[in-house]
Amino acid sequence: MAIGAAARRGRTPGTAARPRRLGLPVLRGIYWLVIGLLYLPIAVLLVFSLNANTVLAFPLRGFTLEWYERLLSTPALLNAVRNSLVVAGVSSVAATALGTGVAILVSRFQFRGRSALAGLAILPLLVPYVVLAAALFVVFNALGVTLSLGTVAVAHAVVALPYTTLIILARLVAAEPQLEEAAMDLGASYPTTLRLVVLPLAAPAIAAAWITAFTVSFDEVALAVFLAGRDQTFPVYLLGQLRFAQTTPVLVAAAVLLMGGTLTLILLADRIRRRRP
Amino acid sequence: MTTGIASKPPGEATRGRRLDPRRGTFWALSIPSWLVVSLLLVGPLALMVAFSFRPDMRGALLAPFEPSLRQFEQIAESGAYLRLLGTSALMALAVATIATLAAYPVAYFLVFRAGRRAALYLVLLLVPFWTSYVLRVAAWKVMLGSDGVINTALLGLGVIGEPLDALLYNRTAVIVTLVYVWIPFASLPILAALGRIDIRLHEAAADLYASPFEQFRRVTLPLSLPGIAAAFLMVFIPTVGEYVTPLLVGGTGGSMYGNTIYSFFSRAANWPLGSALSTVMLLVTVGLVLVGLRIVRPRRLLGT
Amino acid sequence: MRPKGFPGHVRGSVVLAIAGLVSACGGASPSTAPTTGPTVGPPAGTPSAAPTEVPPDQVTGSLVVLDWSGYEVEDFWRDFKDTYANVDVAFEFGISDADIYGKMKGGSQADVFHPYTGWLQFYVDEGLVEEIDTSKLANWDAVPDSFKALGQFNGKQYFVPWDWGFTSILYRTDHIASVDSWAVLFDEQYRGHLSMWDDGPGAVTVSSYIHGYDETAITDEQLAAIKAEWTAQAPLNLTYWASEADLIPLVEAGDVWAAYAWQGAYATALADGAPVAYANPTEGRNSWVGVYGIRAGTPNSDLALRFLDAKLGEATGNSLVNLYYYGSSNADVMAAITDETLKQAFSIDDPSILETTNFTPNLTADQRDAWTAMWEEIKASQ
């Protein structure tokens, strides 16, 4: 049917019908300008990670791989990176799941407390993380909960919730409910409808929400400082090491490696996807 | 264009009288959502507000205490904190507006022009945020500093005679940096909203002889308003309490309200005053958002 | 005060300072003080087992230490690690004195923690720290009396000093010929090229040095005057700095000409070839000391005490000195250092510096609240 075709077409990002001629070169230019600005500091970091100087300043002193060598033999740093990856992975999944749930509730149901739920889901944006961190610290200690990466992950899921909710909500709100009603008229239960109609429609938004939640968690420091217990996440480790000016280039090398590794993975994934028929 | 569930096609009116067949799902989704927000958010928030009424840090933190308005009195007497809150709110307004405007073309590009690589392009936007923010800003400072790339280039080209001091350590530097940081995130809700626009609407508009600009103005833009609203909120609200960027590039004149709160927690160990400042910020920001929503009339935006 | 970045490739500077300090202030322990203790057979320098039945390497248990990032490295608890091989030591981290204090107040279960002078009174007043039985510390005699006194309150020993260093004015000799006073931070002719540490008590300290106020008894009028002068000073800064990694690039690039700075910044900039000098102001330099304390109510008091004792050990002290180039509170460690490289760079040979050095006093909670609030108002009104 035309509706289905349109829906399917609209679902895949980038293949929505093009409103004609709205300045493709200009748009492309804006995108790449933004990308350039985003990656410029990373390029600078790359340069400094190979620079034989402990301070991030020009003029450059000379090429060296010393910082990368030291990086690989600093277990505390490597552990911190691993911890961050784990925490971000777990919390982003939780935040996305919760955000999807809230978005569906708010956009598809009428109930008392609907505005309240939406407001509460967005409320973490209003609270400075350091305040939430201190409060959670006191609460967890009072309840006898051991502080660990788990408590950090929980806190991260809460603070990422506004982002996931807003992104998925923006998508679900614009979508019409007729498809779901049609599916239910055809005999599908609501869970099945969600699974087969709503979630696929929202899939790009859910993916975007997940990446956002991951990013929010990975770079977050205030909550991790308070709630991490024995295991440091990468930003906390960085913060602690900044006191020691000598270790700065090693930290820079770590950031560059992380970036390089991630970019490589993504470009690989893209290459694989393009090879598939 | 109607959105949300408030509107039902005619003839469906009878459906509401029977039990909503979706109620199982409703409860399955509701219970975790409410549990999480109340235990992990409302609880600590209530604690924070309670702390605001604490006279000082003495004694066990969870022990009962004599409530006192001392912290709020101090804030009112000082005047400086409230003025800073006002300035921070204005800065946040500027950042949110510019970032949302700049993010729109990015989102538009990704949805309508990026083709099959849209997912890749989207991820490319976000990946830089997996480097430490502190290090990235350090790199920016190097570029903007008096010895940095920009000044060296301008000096070399003879455009300026002396290094520019004004690129760093002031309020403008804070706003510019914040806008730059927020653009990728702000593009996400807009992207989510744009992606759902039905192609037949564009075809219909074209059939009615609408120019591309009119297509945009009368079809695309209104349909993407929920995304724009979401993006604006997502940027504005946390920026009022922002502290990391002002700390790094604000110098002495660019500090924001969030810096004061952060300092009272992490440098002064004065949680009651920090909490009181946070409570004030919470009330003011919620107030601003509610007023703003009233002006923009959310019914059409969020389908409420 | 708070810990600082360690001096770069500079050796022995603070070491020699301690040696000088010991002799100049007439520290009770002669430089050949033996490490005494009940003879249980361990080699000299290791903490002796307090009268218990169990030999050290069979002691089991676990200990949690709340410390600053970097000190979890085994070199900094080498003596404990080597002696008590079966004790599990885990670290929790704090990023500032306020953070550590907040965590201890907020219910941290750490057994041992590491604050700095200026913040110690609060732990005592709030009952967060346990008294230390110094008779059980084998290495206690190696600590100079002046350092021991820093950890004493109401006649009782609550803290064991461990690391220390200086604060003074770091300046670029190519822009400023010489700096004789802390007042250079207020000098209008250096507008836009100064940098102060982002800390209220630090600002009050500087003002007290300049005007001769009694730091432990600042009156309301004095505080108002201090607030006024630092409000006027704020625009003179290029920026405040929060960590040495912020300050050092600015000094090395020549953007900052004079700054309130810890010794680590000086040493690093010097080693990187910048034309810098570290002032000996007429009012005297400042000195800060880091200490370890035992959390009140910990079930691991005995282990914690052994940990503190081991911290004073020679291997640990040597690591502190050689790896981080901080001073150690163990006078023997200091006296045993022979490296002369930067004696000259730090003017360590000049005992008058040490005689005029002011140790950071401990704040009361009211002072802390008043001085930090003053500072935040100054910053908020810019």
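Note that the chains take the letters A, B and C in the order they are written out, and that residue 1 is the start of every chain.
Methods note: contacts are C-beta pairs under 8 Å (C-beta built on N, C-alpha and C of every residue); 3 or more make two chains touch, one makes a residue touch a chain.
These numbers were taken from a predicted model, which means no experiment stands behind them.
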Two chains joined by the most C-beta pairs in contact, as defined above: A-B
Label of the chain whose CA centroid is most distant from the centroid of chain A: C
For chain B paired with chain C, centre-to-centre distance based on mean C-alpha positions, whole Å: 40
CA centroid of chain A to CA centroid of chain B, Å: 15
For chain A, residues that touch 2 or more chains besides their own: 56-57, 134, 138, 142, 239, 242
Chain C, residues touching no fewer than two other chains: 95, 99, 102, 106-107, 249, 253
Chain B, residues touching no fewer than two other chains: 61, 142, 145, 147, 265-266, 271
Contact set on chain B toward chain A in their complex: 3-6, 9, 12, 20-22, 24-26, 29-30, 32-34, 36-38, 40-45, 47-48, 51, 61-62, 102, 105-106, 108-140, 142-143, 145, 147-149, 152, 180, 183-185, 188-200, 202-203, 205-206, 212-213, 215-216, 219-220, 223-224, 226-227, 230, 233-234, 237-238, 241, 243, 258, 261-262, 265-266, 271, 274-275, 278, 281-282, 285-286, 301-304
Chain A partner contacts - residues on chain C that touch it in the complex: 3-6, 8, 64, 68-70, 72-73, 90-95, 99, 102-103, 106-109, 243-245, 248-249, 252-253, 264-265, 268, 272, 324
Residue ranges of chain C in contact with chain B within the complex: 95-99, 101-102, 105-107, 122, 125-126, 192, 198-200, 234-235, 237-240, 242, 249, 253-255, 365, 368-369, 372-373, 375-377, 379-382
Chain C-touching residues of chain B, taken from the complex the two chains share: 56-59, 61, 74, 78, 80-81, 83-84, 141-142, 145-147, 165, 169, 247, 250-253, 255, 257, 259-260, 263-271, 273
Residues of chain A touching chain B in the complex: 2, 6, 9-11, 13-22, 24, 26-28, 30-31, 34-35, 37-42, 44-45, 48, 56-58, 98, 101-102, 104-111, 114-115, 117-118, 120-128, 130-132, 134-136, 138-139, 142, 154-155, 157-158, 161-163, 166-171, 173-178, 181, 184, 189-191, 194, 201, 204-205, 207-209, 211-212, 215, 218-219, 222, 234-235, 238-239, 242, 251-252, 255-256, 258-259, 262-263, 266-267, 270, 274
